[in-house]
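Below you'll find a set of structures to go through.
The following pair of complexes shares a single chain, subunit A, combined with subunit B in the former and subunit C in the latter.
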Partner chain A sequence: MNKSNRGLRLTESQFGFLLLFPALIVYAAVLLYPLLNSTYMSFTDQTLLKADRHFVGLANFRALWHDPNFLDMFLHTVAFVVGATIAPFILGFIWSIVLQQGFKGSKWLRSLTLVNWVLPGTAISFLWMWMFQSNYGVINGLLMKLGLISENINWLGSTNYAMAVVILASTWKGVPWFMVFLFGGLQAVPREQLEAARMDGAGNVTAFLKIIYPSMRPIIAVSLILGAIGNLQQFDLQWVMTEGGPARATTTLSIEVYRSAFREWDLGKASAIGLVWVLIMGIFAAFYLRHMREQLKS
Partner chain B sequence: MFEHTSGFRVFFWISLVCLTAFLFFPLYWMLNSALKPASDIFELSFIPHRPTWDHFAEVFRDREIRRYFVNSLTLSIASCVFTTIISAYAGYSFSKYRYRGRMSFMLLFLLAKMFPYAVLLLSMYALMLKLQLLDNYLSLVLAYVTFTLPVGCWTLKTYFDGIPDELIESAKIDGAGNARILHRVILPLALPGLVSVAIYGFVWSWNDLLYSLTLVTSPEKRTLAPGLILSYLGEAQQDWGGMMAASIAVSLPVTLLFLLLQRYFIQGLVAGAVKG
Partner chain C sequence: MTKRFRFTLTMCIMIGLLAMLSACGSAANDSQGAGNVADKGGNAAQNAANAPEDAPPAEEPAKEVDLTWVGWSGSDKPWIPIIQHMMDTWNTANPKEQVSWLGWPWDQTLQQILVRNQSKQAMDIGQTDLGWLKTLADSGALADLGQLFDKQWLADNFEPSALDAGRIDGVLYALPWTMSATSMVNNPTLLKKAGITSSPATIAEFEADLGKLKALGPDIVPYGMLTKSASASNDIQVWLKVFGGDVFDDAGNIILNNAAGVKTLDWYKSLLAKGYVKMDMARADARNLYMQDKVGFYEDSILAKGLELTNGVAEADVTKHLVPIPRPVVNQGDKTLDKMWGHHLVVFNNSPNKQQAADFIKQIVGKDNSLYYFQNGGLLPTMKSAIADPIVQNDPTSSKFLEITKNSTSVDTDAYNQKAALDNIIVEEFQAAMLDKKSSQQALDDAASRIAAELKK
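Right, the complex of A and B next:
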């Protein structure tokens, strides 16, 4: 940047590009190179145990195709992403409507809600592990007291419940995030149209369906896409609470990639799974980009 | 927005009560359990009858946890500084300059959030191993900056968009160069945006588990998230009171930071995400 003082003058657009330069270098190192290298690794037998690697063609992908665990993991991922996106979306939407009424203390409640979202995943995991602990957890205790169960349930040790508990913990973390987005969307609903609809005798439900929902559609779409992408990345909760278990019941894509690479030391396999993941992400990315490009143009 | 009909009132009160319980009871339970003495922890009591700070004292006395704490703090400050600087430059570049490829770069930045972190980690780990940069915070800072850049850069772009071009023009007439205008005129005006990006960067790095778990290998460099797992999980008899106290202790810095500066944070977050 001092160059201009030493006589070498940059044009305006050159200066603009120079400002972008640090970001591009970081991206090249952390995104571009690893992505290309992972793609290559998925066609090799590279492990973290030996230094050399060989090109093996599609062997890793063929192995995945025949691996019964792979489909299982895939279904767990879908269950987790759908559950952990839809549940906090609905609750976050309701919560934003409640807070939007602006009662006494609602602002205070709104900031307090957001605390859940900044807490470290490790702390959240500890908390929910403790609440759902099989012998002394508060959830079992309450259910027993209310007479809803007759003996303690080993929530996180059960293949039936573990995923639901992880989704619940993720929902608890995610509600504030959706609330912020949707609260912003509610504030931006055009008042005049709403008034006009009211004049025509529209009730709450009609007003919601005819005016509020349509005007919030873009923000709903973005929040759902970003939420789903975030959940696809989610690692901490599953790993800390259950290490992907019991019996792989909470093993999602990110857990599987991590375990293949850093427990089985098989970089080839991990990269192949990763490549499948990148392709799935591509679908979300396409939706998101189309949406954002329209926004940028307008 | 909604007419307060009796139907709406029922919806309102049920939602308010249920969601308040769902969102806040766990936080209360965390504190409640942390304050109970070890002998009471397995009782289902909603108020600690004999509250004690023992669990907290134990957490703070633990030399290893103290070291994790200092490590996390160092790392988070470093990544937050770099994120803020790099995002500010990139955001300003997107906002006020026009050059070829600008649109493509902007879309690339949006995409960066979507690359699977776990997959990028594979190659990064292999590369750092080869360069002997494992166990070096540089690799972590690089990773965190990358993941926080998209939100950071877009937040600040939106901020800069709101600063009128006339301001820049008049500074130019006064003879200020591009760099001087950016640092002396624009950045001070964008302070709220910078603050929110800085918090975002700090929180990201403070909370990360995946990268710090893998790229840090020595106990001396270990940070909080993997450290706590090592300290509290895996033992046969789990110390739940200690775990809750430790969870509160790790959460405190980010929570305080956030509550103090949240006005900026929400403004920036929503602006960056919504307006694009």
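Right, the complex of A and C next:
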């Protein structure tokens, strides 16, 4: 009896591992296997047109390097990620400060703001696409009524405006997400410090810079990093609104991966771009993990 | 935490995990069975063949076959009842060979078929686009219909040109279901308002008409030329031919960037500069604006008539709103050209029920179903007897489309399995030139070098 009990005795760490085991199996099947498979695929010539594949070494990466459009695509990705992260962050921050004042109806407004976030990306894309439609879009109609333009602007058909419109749609979608994050952070700002500062004559800007910002720095960093990662992954908005055009003006890494895989049937190339994409996201993820570790330590 | 509790918890987790894994295993088997019900018939035969000889004679089980028909029309709202009617007719007459539909939007169907084919998922019959044939044939997804249909029956019922459109390297991979041309259509209501009384025959006349339409106001798009999406490439390639150019010469050399190509692209740019066309115009946008009387001319197939009907336009009123015309030419007397358009029906190589799938196709392209499709969806039949029927011949819109189809042609990129990629390159470079990001020559040179790189893969 004692012997059999001893055979089943587990250390704390073994027991912990056992508890994690089911999750690890799911992780391996759902995340690890596809990641490893697509990494291998990036070194092959696999396409959707034939079942077999051959190892081609770095050929897909070399082709990417020599692709005259790759730099543009990379810059478009940077522009989209920066724009679609910073703009909703600023608006979300302002909105969370407004809502934090606790005026009558602020709770209702907070719930209402979340509607944008709940809507599917494809629905948001169609909504904004129609608003910016050059012929019958409400934006052109409004600008005409206000006398700001004399003829319709082809927003999504112009390389000058298309990216800005896509960023605007993404901003509309992203504001609630940032608002929720930052609102939570604002709740943690010590009230007594704020009140003391006010009594000492601190204005809004001073209170923000000296008290609110230092208290919220960790949450600001986390929200920006996660927002940037989310925008790097953004696909549906650009695809539905512009298909990456006109003239590749809104082609980001995510669009190019889809196009390579499902328009050019080139899974090897798509995986190579995907790997570059993962590496870029890895930089943000590393920042995030370092930040989390520092927070845990402190 | 006591040891006993820990032991119990550990056991629970292990049992739960095992149960989950076994459930997944059986679910996988079940789903394989469900998704591949069509296999049942084939497997039953296989099992019967593998049964030991001394086994007691079992009663012959009724062979039941489930056929999966993939495509897009059965998922496209206006056509859902029509497709359902066709399947119901078959299913009622063939209770042991039931057909069910599996569909996606048109622009996702090809990729879904390729993915499913590579992962060996059940598909028996397919609705495919004429331009996808080379890609699908090269992927090995398609069965040789020459082995499934009687040659005499094919010859008796279809025009040789219709069958040729379904052949790659002499092998018949597809039967035509509906065929016409993507031709120019005009809106007589709008044209009348602009004072245009006859259809333009030459590009000069066409431009003059566009000018008159433009004068109607800023809301009017005189020509709903496609400037967005890779499918714009088909129209671009026909205009290239009209101006004496092409993407490839007969030897397969890229000639897109020759003088005729530059002339075509310069013409595109001039139309944009004059406000006759707009950027960001996909076929769906052109159709929507046309239905609202905001577009004077655009390119569409016989589908345009189907859309009129499904949007509530009475059959008798279609001609007041939709008139197909041959594409204008450079000089009076030049041969008119339009893009051949159509939907095919194919049998998949992975299907264990190829003959039943072929029988189903035979019924779908047959006269009764074809005329039903024509009367309710406006799509032209392909079977000789159905085309000759007075219902088709006496329809003014359809007879015009049939006439234009005689001068229709495939485009160069149709001959390549990388068609989608080549089309995308052509459209991107045309867009770049139209938006003054590049000169016409530079854009076409870039297109040529990108096409060459794509074909080297």
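Simple rule for what comes next: the second predicted complex is superposed on the first by the 275 of 298 C-alpha atoms of A that agree within 3 Å, B and C clash if a C-alpha of one lies under 4 Å from a C-alpha of the other, contacts with A are read in each partner's own complex, and residues count from 1 in each chain.
Convention: contacts are C-beta pairs under 8 Å (C-beta built on N, C-alpha and C of every residue); 3 or more make two chains touch, one makes a residue touch a chain.
Predicted, not measured: the structure shown is a model, and the values here were computed from it.
Once chain A of one complex is fitted onto chain A of the other, the partner contacts of A:Asn152 are limited to subunit C, with no touch recorded for subunit B.
Of the two partner chains, subunit C is the only one touched by A:Ala247; subunit B is not. Touch criterion not met for A:Phe61: it reaches neither subunit B nor subunit C.
Legend: residue contacts after superposition of the two complexes on their common chain; A:Phe262 is shown touching both subunit B and subunit C. In the superposition on chain A, A:Phe74 makes contact with neither subunit B nor subunit C. Put simply, more of the residues of subunit A are touched by B, taking subunit B and subunit C as the two choices.
Contact with both subunit B and subunit C is seen for A:Phe15 once the two complexes are overlaid on the shared chain. In the superposition on chain A, A:Trp239 makes contact with subunit B only, while subunit C stays out of contact range. Legend: residue contacts after superposition of the two complexes on their common chain; A:Leu49 is shown touching subunit C, with no touch to subunit B. The interface of subunit A with subunit B overlaps its interface with subunit C at residues 5, 10, 15, 19, 22, 48, 135, 262.
Interface of subunit A with subunit B (complex): residues 1-2, 4-5, 10, 12-17, 19-20, 22-24, 26-27, 29-31, 33-35, 37-38, 41, 46, 48, 91, 94-95, 97-98, 100-101, 109, 111-116, 118-123, 126-128, 130-131, 133, 135-136, 138, 141-142, 145, 172, 175-176, 180-181, 184-186, 189, 194, 198, 203-204, 207-208, 212, 219, 222, 226, 229, 232-233, 235-236, 239-240, 253-254, 257-258, 261-262, 267, 270-271, 274-275, 277-278, 281, 284-285, 288-289, 292-293, 295-296.
Contact residues of subunit A toward subunit C in the complex are 5, 8-10, 15, 18-19, 21-22, 25, 45, 48-51, 68, 134-135, 151-152, 154, 156-159, 242-243, 245-248, 259, 262-266. By the touch criterion stated above, subunit C contacts subunit A in their complex at residues 3, 6-7, 10, 13, 16-17, 20, 111, 114-115, 118, 135, 138-140, 218-219, 221, 227-230, 278-281, 289, 294, 417-418, 420-421, 424, 427-428, 431-432, 435, 437, 446, 454, 457. The touching residues of subunit B, when paired with subunit A in their complex, are 1-3, 5, 7-8, 12, 15-16, 19-20, 22-24, 26-27, 29-30, 33, 41-42, 44, 85-87, 89-90, 92-94, 96-100, 102-103, 105-127, 129, 142-143, 145-146, 149, 153, 177-179, 182, 203, 206-207, 209-210, 214, 224-225, 228-229, 232-233, 240, 243-244, 246-248, 250-251, 254-255, 258-259, 262, 266, 269-270, 273-276.
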